[in-house]
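I have a structure here, written as structure tokens, and I will follow up with some questions on it.
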């Protein structure tokens, strides 16, 4: 009995060793040259759902454009996907896993915390990374290897504050963040700053990890007589908050950041009386041919690919993060073309000058490595149809 | 009349409503071998546990070498529950932990052998020397106490020699035959350099031959180590052979005391104890 | 006999030295980004904390589940006191630079990490160590959780940066750094275990009543073990912070303590070398060797391997663990130590057996 | 009135969470009473129950899938005991506890694998999931029902333990394992029964819990599990009424704390409470004193 177990264990380890060794070098299926792009996204943990949708965008882009021409030779683009489990302690090993697989550059991650945590690993390995939707300033701050194509929390926070004041005439806001989560805590922080600058007052609370009972928080918001409920938290929590808000008949509108632009939120808010608005990067209902082709293409891709469909949350509602992932991939290709090499250092040199017109708008980097974005879209849930409703394009006054 | 080593005054031990030891007084003089006898449940081991600080007595006090080491009186919820005698006679409250008692020089063995099972014979004795250390955790860790360590090991080896356990020193203690395990417990107790040794049924479960050996052995260590011995025992022949004096307990109360001859002659004892013993 | 011992000691020291030498060479040869080094780094950090836990659970018989909490204390202490002053404004962005405006050298930072953890352990130990087995376990677990909440509290943000992670503190590049620090600490623990105090700890583990009756002060010795163990947990926390280059209270969950406990058990409760070996195996398996199991489209030839997809790695891993826990209850090493003399004995025994066989055949 | 009005939502939430904790805590306390084992996997059984409902409900109507899942959970508890604890019956207590931790690890990872790391949402259970209003406080009907369901189940359970054969056997075993064995009590069946009952209650608890807080993730069982265990310790582990009272106290206090705006410490508080209690009553509210004989 024990012997067999031992044998099994040994076998397993040896096999895995082979894999671990073998995974370092592998040629493309068609024997052509291969360039590896690391996809550093959570597939599990709090941000699992969002991470999967973002990955989906990248995968779809790779499915549309599987090759790239670098310095005259055609390379097959191979995605190396690794799960950072939405947790900072796994982030480092996940990142070094990518580095050791010899990726030329990295895309991701959904969730700022893990991106910040892995930043130094990429930098020290001289692998440039392009953040897709990690909006916390700390990601690129003082790290010349990290770039990103999304707007930042100070901007988003201000936009939301303005929106809260302009559209709802809010005087008092309730802000809810998740304890130990850089993204929500950071965004709340900027929202509070901006909102108070506009003469409002804010009740700020945090909930510990693993909370599923939001009754008390919603009750607090009601009790303190706030006009808006601001909670830019992970969509797992989002669904529960909406549920609870509905139960307690919360009359005030709920505001959130880009994370909430997800069909999970739509699903939760459908058929309720909860009024949910979000700021985001991308709006589906546009007539721009590039966007329409992306939308239709992705929808058919989803229809054809069952796992992709489940990763998208079971329907073909397109999340902004997916669009962002799509754009990030092409931005990466642009960088590779421009660099004319697959070496991280070369790519990093050219990245600042890379520009690309994506489905989420024009992408260009500033000195910090942050995207130059001046506008954010505001969408609200149509409770009847469970679809997004475009509200306005907001920019900072 | 030599000096008194141990003195118990009106010690009462009460668990909830049960009075295990009822105002029991005894004294042990230097160099004596004193035995505590009585049927099971008479409170002998409880008396030992009081002396060694395992249980604080409900009432009464204990003197060792003339200084008071333990004293207590009914307190807290015992105030109401107390069913013993001499209530209010004692007012002090002195409640040392067992290790303090051992430091003072009272060592014991256990009725049900309690050796350190994962350790060798040698280590069982060596560990008992821990309390006589001068090193602190730092100096011990960084081996600044080599001299002391060396001395302790030598003393241990010597002790094992005397007690005839040297040859088995590297065996695990649990591998020893029963008799030797009891002997090892005594060795361990001696390693703490006591002046008073409390033996709790040292001959329990021994065959006649082993018992006779033990009889001589106890006398021998008493002389070699300048000890005073107090023991609980059921083997009457053993008790009668080596005891200088005997205390007889029954249901926690003292029913008789004196030399073996006196006790054997005492009708109370015969009826209460020896009688039982016949048909037990 | 004594000579033998000396010889064995020298040999084993030589072996250890050789290991370090090999790692040094490898670092020169292999690309620095190789997964091997990541595993070695994290492995040695976990080895240290596992051994420190073993000192408590394995050698003193105190079932404590507070290890993650003490690592947190260590990690934060190190981070808070070593972040360069000019970086503080950037790190404590929401707490205008934080309240501490100086920074200590790395070495001091690490020591301080241990000291702080030990100090808290001492305070916590005063009440908690009176409790018996399971109650002690759950109480220490509770303390770890409380500490975690405290460090995330934004009222203390000036010190702990609230929920936001700490970064920009000095970190190590070479694998040898954590290996050396951990090595030294483990060596110290081993020396402690073999000292008169270590023997007293074992006595308490085997039978605390007897230990007390033989003059060992339980309260004092338990507190000693608890404090020392936490000291080293704190240091490993500091190392972990350096390894991750960032610290955040959120990660020091009870799950982390369970991981460490599993390492100790797999290695063998009461075996230092066991803990060390198993922690390297544990990390290598969970972070490296089994990762391929997460890769959904793995082909052997043209055959699409079923079941494989993100998460499968963990399933396989936890099944392996259960198998070990159930079939090898005493772990890899039991309570034995990996020693040259042990190997020699084995070889001798094998020789003898062979000889016997020969006799038989003749 | 003012206090009552403002704190009613928290009280309601507290009472219902308390009830749900109670149902989990019973599982812990019974197992501990008999095996002296902290069944760390119990919280994950609670989570599994929810997942089973979710997956079965997507094929079957709720009135079938719900009972089905509850029964399945009972079997799961049985299986866990057989696989993870029975082999370690004679092993030192610590290794059984480790095995429990390992089991919890395994269950969580399996759940992670099956759900693919995505949150699953509990199907709305008709009637109990409806939103209602009492004294101006909006809540789900389940919030109001929970305490009654809990109390009812506990009465049933207690009478089982008092009057049925198996119940008496359980009491005997928890009093003295060896002697009970010598007296011919079928230890294994008693233990299995304990696990099954514990799991069934956990399953019902999970139905109540998740029809209130619908999101199910692989780790969702962790915190409620831990708190329920704390409740069990708090009430004196081994004692069923103790566990129930402990659970309600913890549930209510934790929600009131949130109400006071100390949300950061809503979890930490539970443990503070635990430690304070252990300091002053080392065996909890109703735990029997244990004195080791010398």
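Note that the chains are named A, B, C and D in the order they appear, and that numbering of residues resets to 1 at the start of each chain.
The rule we apply is simple: contacts are C-beta pairs under 8 Å (C-beta built on N, C-alpha and C of every residue); 3 or more make two chains touch, one makes a residue touch a chain.
These figures come from a predicted structure and were not determined experimentally.
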Chain nearest the overall C-alpha centroid of the shown protein atoms: C
Longest centre-to-centre distance from subunit B, chain (CA-based): A
Rounded Å distance, subunit A centre to subunit D centre (Cα mean): 36
Cα-centroid distance, subunit B relative to subunit D, in whole angstrom: 48
Distance between chain centroids, defined by C-alpha means - subunit A, subunit B (Å): 73
Between subunit C and subunit A, distance of the C-alpha-averaged centres to the nearest whole Å: 34
Two or more partner chains touched - positions in subunit C: 149, 152, 154, 209, 310-311
Of all residues in subunit B, the ones touching two or more other chains: 54, 110
Overlap residues in subunit A, where contacts from two or more other chains coincide: 43-44, 179, 206, 208
Residues of subunit A touching subunit D in the complex: 42-45, 48-49, 52, 179, 205-208, 210-217, 219-220, 222-223, 235-237, 239-240, 243-244, 246-249, 264, 267-268, 310-311, 313
List of subunit C residues in touch with subunit D within their complex: 57, 63, 127-128, 130-135, 137-139, 141-143, 145-146, 148-150, 152-154, 209, 254-255, 258, 261-262, 265, 269, 309-312, 314-315, 317-319, 321-322, 325-326, 329
Residue ranges of subunit B in contact with subunit C within the complex: 52, 54, 97-99, 102-103, 107-108, 110, 114-119, 123, 126-133, 135, 137, 140-143, 145, 149, 152, 188-189, 191-192
List of subunit D residues in touch with subunit C within their complex: 32, 36, 38, 83-84, 87-88, 91, 93-95, 97-99, 101-106, 109-110, 112-113, 116-117, 222, 226, 229-230, 233, 237, 264-265, 267-268, 270-272, 274-275, 278-279, 282, 290, 292, 294
Touching residues (chain side subunit A, partner subunit C) in the complex: 1-2, 5, 9, 12-13, 16-17, 19-20, 23, 43-44, 82-83, 87-89, 91-93, 96-97, 99-100, 113, 116-117, 120-121, 124-125, 137-138, 141-142, 177-182, 185-186, 189, 206, 208-209, 307
